[in-house]
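So that you can tell them apart, the chains are marked A, B and C in the order they are listed, and the count of residues begins at 1 in each.
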Amino acid sequence: MSTKKMTRRDFLKYAGLASGAAVAASVMGTLPAAAAEATEKPSLFQFPHIQKKEFEGVIVRMLAISGANYDELYKIIPEWEEQTGAKVEFVFKGDGFQTDKRLVQDFAAGTVDYDVCWDHSSFFSQYVKADGLEPLENWFSDEELADFIPRLVDATRRDGHLWVIPRHFDISCMHYRTDLMGADQVPETWDQFKELAKQLTDPAKGIYGTQFAGKEEALSGRFYEVMTAEGGQLFNEKWEPTFNSPAGVKAATMFAELYAAGAMPPGMTSFVWEDVAKNFAAGIIAIYSEWYGWYSFFQDPSASKVAGKFDLARQPMGDGKIHSGWAGHHGFSITKASQNKPAAASLIKWLTSVKGNELEAKLGFLVARQSVWEKIIVEAETSTDPLAKKRLELALLQAQEDFKTPPLIAEWLPMSNILYPILQQIILGDVEPQKGLDDAAEQVRDMMAKAGYYGTGA
Amino acid sequence: MATISVTKSPARARVFEISADEAKRLPWLLLTPGLVALAVVVAFPMFYSFYLSFTNYDLTRPTTEFVGLYNYIKLFSNATFWQAFGRTVLFMTLAVNLEFLIGLAIAQLMAKALLGRGLLRTVLMMPMMFAPVLVGFQFKWFFNDQVGLVNNLLFTLTGQPHIIPWLVQVPLGFISILVAEVWMGTPFMVIILEAGILSLPTEPFEAAEVDGASGWQKFRHLTFPMIGPFIYTAMAIRSLDLARVYDVVSIMTGGGPGTRTELIWTYVYRLAFTGHDYATGSAMSYVTVIVSFLFTFFLFRNVIRSRWEGRE
Amino acid sequence: MSAIGYTKAGRRPRIGDYLRDAALYLIILIFFLPVLWIILTSIRPNMEINTRPPIWIPRELTLDSYKILLGWPTPEGAFGLGSNIPFGQYARNSIIIASVSTLFSLTFGTLAGYAFARFAFKGKNSVFLGMMLARAVPGIALSLPLFVLFARLGLSDSILGMIITYVALNVPFTAWLMDGFFRAIPAELDEAALIDGCSRWSAFLRVDLPLALPGAAASGIFAFLTAWNEFALANVITRTPASRTFPPALYEFTGQFVSDWRGMCAMSVMMLIPAIIFVALVQRQLMTGLTSGAMKG
């Protein structure tokens, strides 16, 4: 279930209103199909690193993400407590935004009173910058990390250290209507996608060729993944913004062209994830990029008009011959302030164990361990859902080859907040793509300068 | 007017038996609790953000450096800020005048209503009872292009689907936030203006009626001038409230799309909190607040003058 | 000062008067429509919400969203985000914070208003102006520094911190209104009381205060509604159900992945109820207070 994109996460900064957006994440759990399987018992698994009662009397305090399906994993904690003799205390549970807000505040104010915290590939850089996290390479051996999808682990390496142990991830793929187009029409490139979307637009039937979430990080992120596919980069090696390159202009122009052609709903600049998913479920969109997390919602005939009428495909490539693959993952980190680091590491190992992953895979999450993937793909062969196996294989392929986080710097979200209003202006035709991106690059450069990236500060 | 300032005349002060010393101390004593609260909640934060506006403060950065006037200099060349500034002034002007006109009309009708005035007033005041954030959410929903109340009403009335992107198009976005703000603010106008109308003495109206004055003439030459102070008060307060407008707009459009409905405080918010550039945001707050201060000063100078000076 | 005098005293209503009233009802109905729609949305099945074409008349009514909000048992499959919300705690916080802060802003505002109305002192104009200026500063401009300060003082995420905040927000307007009400009370009454041997304090308590009570009711409405509905500062100061009030909680109904309009509408209605009761109870005093002279000048 996706929660990667917490666009409104900006709020969190400390002032965040945040709560809202990430409820979302939590509610994903109540989506019909995912919830049904939750009760099944995961296979028991003897966890190798635990020695009996090695942490007798230790209290491990934890700041955790919460919401229906996230909490399922925490149900395996008592078993760990039993084995190690430690006790786990939840200091705080909240959705992603609340949790991030709390972390930012606590790292800034030095009020950290917990050992293990929730973390996210798009978020952790700011905690590193605030000097709040413990490097994990001392606590996790390469051997222990070998089973994790390598791109997920690499996504949290920064400054030569490892900061987050991944739990599960999300990535997007093309969702297209099999009743409106054939499998042979599936676009290989974003150019083909653009033409196809225009072609499939049919105002008489109320069908829009495509759509994108049109604000906040959701928009910046889609721009990012199209631009990188076209061979562009957000920054060069000196951290100077380069998204106003021809690749960036081409990506932005695609959005603007699709909007001008009427191939996207006119209100798209106010769409967030919920809106795009509902539009697709309402049957008014022909093809678009969507997170895997919505799959069971789309296949539920009581909620969706497209159940059984859509298929999935890998994200298109651009001129750079690269597949788009904007992605992110949830995980756990140890705080620098922790007084119980060995026990904290042990708890994280338990939560991200095969057992934990299997449990989460059953809930519909895309989990981090390859061995678990192999197992669930075999199991999916017997599923009554014809897409079940394809979906998993595609997701795994994307995770292994296309998984791409935004730049691992704390400035990604501030940058997104500079970028997205300008992208909106470009889409609406209020400003020319080149001019708009130049302007955005100028503002981003200014921000990066202030943040000290170019040496002498402001 | 029977307003009498007791201490203006020494004779009365003697009645109160206030020693010179006490007369100096006592009013301050009375003011202290309120002023302390204001010092903590308003004055201190304002000083603190004044300081921050000369730094590169950012919550995720452990160190903060002094950058002098950098934030202010940048701000003066920032076209988005000045556009937002101008839009805010326009928004405020339109909203306060619309609220006044609608409010006056309703107040007139209310003051003359034959029955159920208490109930009507309670019903009318409901928009005032709504949290501004709530108004924002609800109106955003009403103006939704796919399933909003407004487009659905058009659908039912015309028999055809209308997908008008209210919150996107120019100038519909601006109009939409204006409608929400006016809906929320008008009842306050009504209450104050109705109070003004109800407080009018009867005699002039009876005299005018004897002279055969029309309803309009009575309104134009009696009601309107006589409720002047009420009008002034209501508009002054609403202007101050509208200069701070944020909640409703931030939820309905967030200042977007692009910068189509950007007002000062939505821009400050985006910059300071979501853009992590709190320092520049503070500088903008400061420039804006100073303008509001000047505005407030001119508004209330008149109030002060009429209240305590030259009224003996 | 009465409304009857404004039309002609004792005149029998004419047909025009009824037409005028009809126009008034119509306008008020228009203002009331959004409220009506919110109430309606809160009690209809989720399937009927957000549809195109619209469904105007509910086919069935259900209180599920309220039950979910209050944590009462609901039928299998009833959807609502309200179950995530500790409604009872939020209600307790909101009620305590709004009523206690109203009480204190009234007290402090009354004292300040009395000082403005009855004393001439050096710096009076500046203080008055300064108070009005405080109203020109929006919550978001205060929020970060206030958060930092409250964190140092141990007031963040506390009911006390919220009360202090709202008292400060409400004192200026209250003081201003109360100043008007006191000035409308002839000072001769004070003098008479003093001649009768009252102390100044008891003159204030026995003469001025009772006469200014309708004014206090009027100020109280405004202070209460501000405290009940304020968002920007509440969102920053409150972090957990220990002090969180209703307005920030509204965000918990809307997300990027799933929103619950019906639940939000139900909570809106619940938030509206105490406000309506309060306003209905004091609206008569409100008008008496406002007509008595607070606004004159």
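In this section, a contact is a pair of C-beta atoms (placed from the backbone, for glycine too) under 8 Å apart; a residue touches a chain by one contact, two chains touch by 3 or more.
Keep in mind it's a predicted model, so treat the numbers as computed, not measured.
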If chain centres are mean C-alpha positions, then the most distant from chain C is chain A
Report the pair of chains linked by the most C-beta pairs in contact. B-C
Taking the mean of the C-alpha atoms as each chain's centre, how many Å separate chain A from chain C? 41
Chain B and chain C have mean C-alpha positions lying a whole-number Å distance apart equal to 15
Counting only residues that touch at least two other chains, what does the list for chain C look like? 140, 144, 251, 254
For chain A, what residues touch not just one other chain but two or more? 14-16
What residues in chain B touch two or more of the other chains? 146, 161, 269, 272-273
Write out the stretch or stretches of chain C touching chain A in their complex. 79, 81, 84, 140, 143-144, 147, 151, 235-236, 239-240, 248-249, 251-259
In their complex, what parts of chain B are in touch with chain C? 1-8, 12, 15-18, 23-24, 26-28, 30-31, 33-35, 37-38, 40-42, 44-46, 48-49, 52, 105-106, 109-115, 117-118, 120-134, 137-139, 141-142, 146-147, 149, 152-153, 155-156, 161, 183, 186-187, 191-192, 194-202, 205-206, 209, 229-230, 233-234, 237, 240, 243-244, 246-247, 265, 268-269, 272-273, 278, 285, 288-289, 292-293, 295-297, 299-301, 303-304, 306-308, 311
For chain C, which residues count as touching chain B in their complex? 1-3, 5-9, 13, 17-18, 20-21, 23-25, 27-28, 31-32, 34-35, 37-38, 50-54, 56, 107-109, 111-112, 114-122, 124-125, 127-142, 144-146, 148-149, 164-165, 167-169, 171-173, 175, 179, 183-184, 186-188, 190-191, 194-195, 200, 225, 228-232, 246-247, 250-251, 254, 261, 264, 268, 271-272, 275-276, 279-280, 283-284, 286-287, 290-293, 295-297
Note: in the complex, chain A contacts chain B through residues 10-11, 13-16, 104-105, 107-108, 126, 129-131, 206, 214-215, 265-267, 269-270, 279, 410-411, 413-414, 417-418, 421-422, 424-425, 427-428, 430-431, 446-447, 450-452, 457-458
Residue numbers of chain B touching chain A in their complex, please. 56, 58-62, 65, 67, 70, 74, 144-146, 161, 163, 165, 167-169, 253-260, 269-270, 272-277
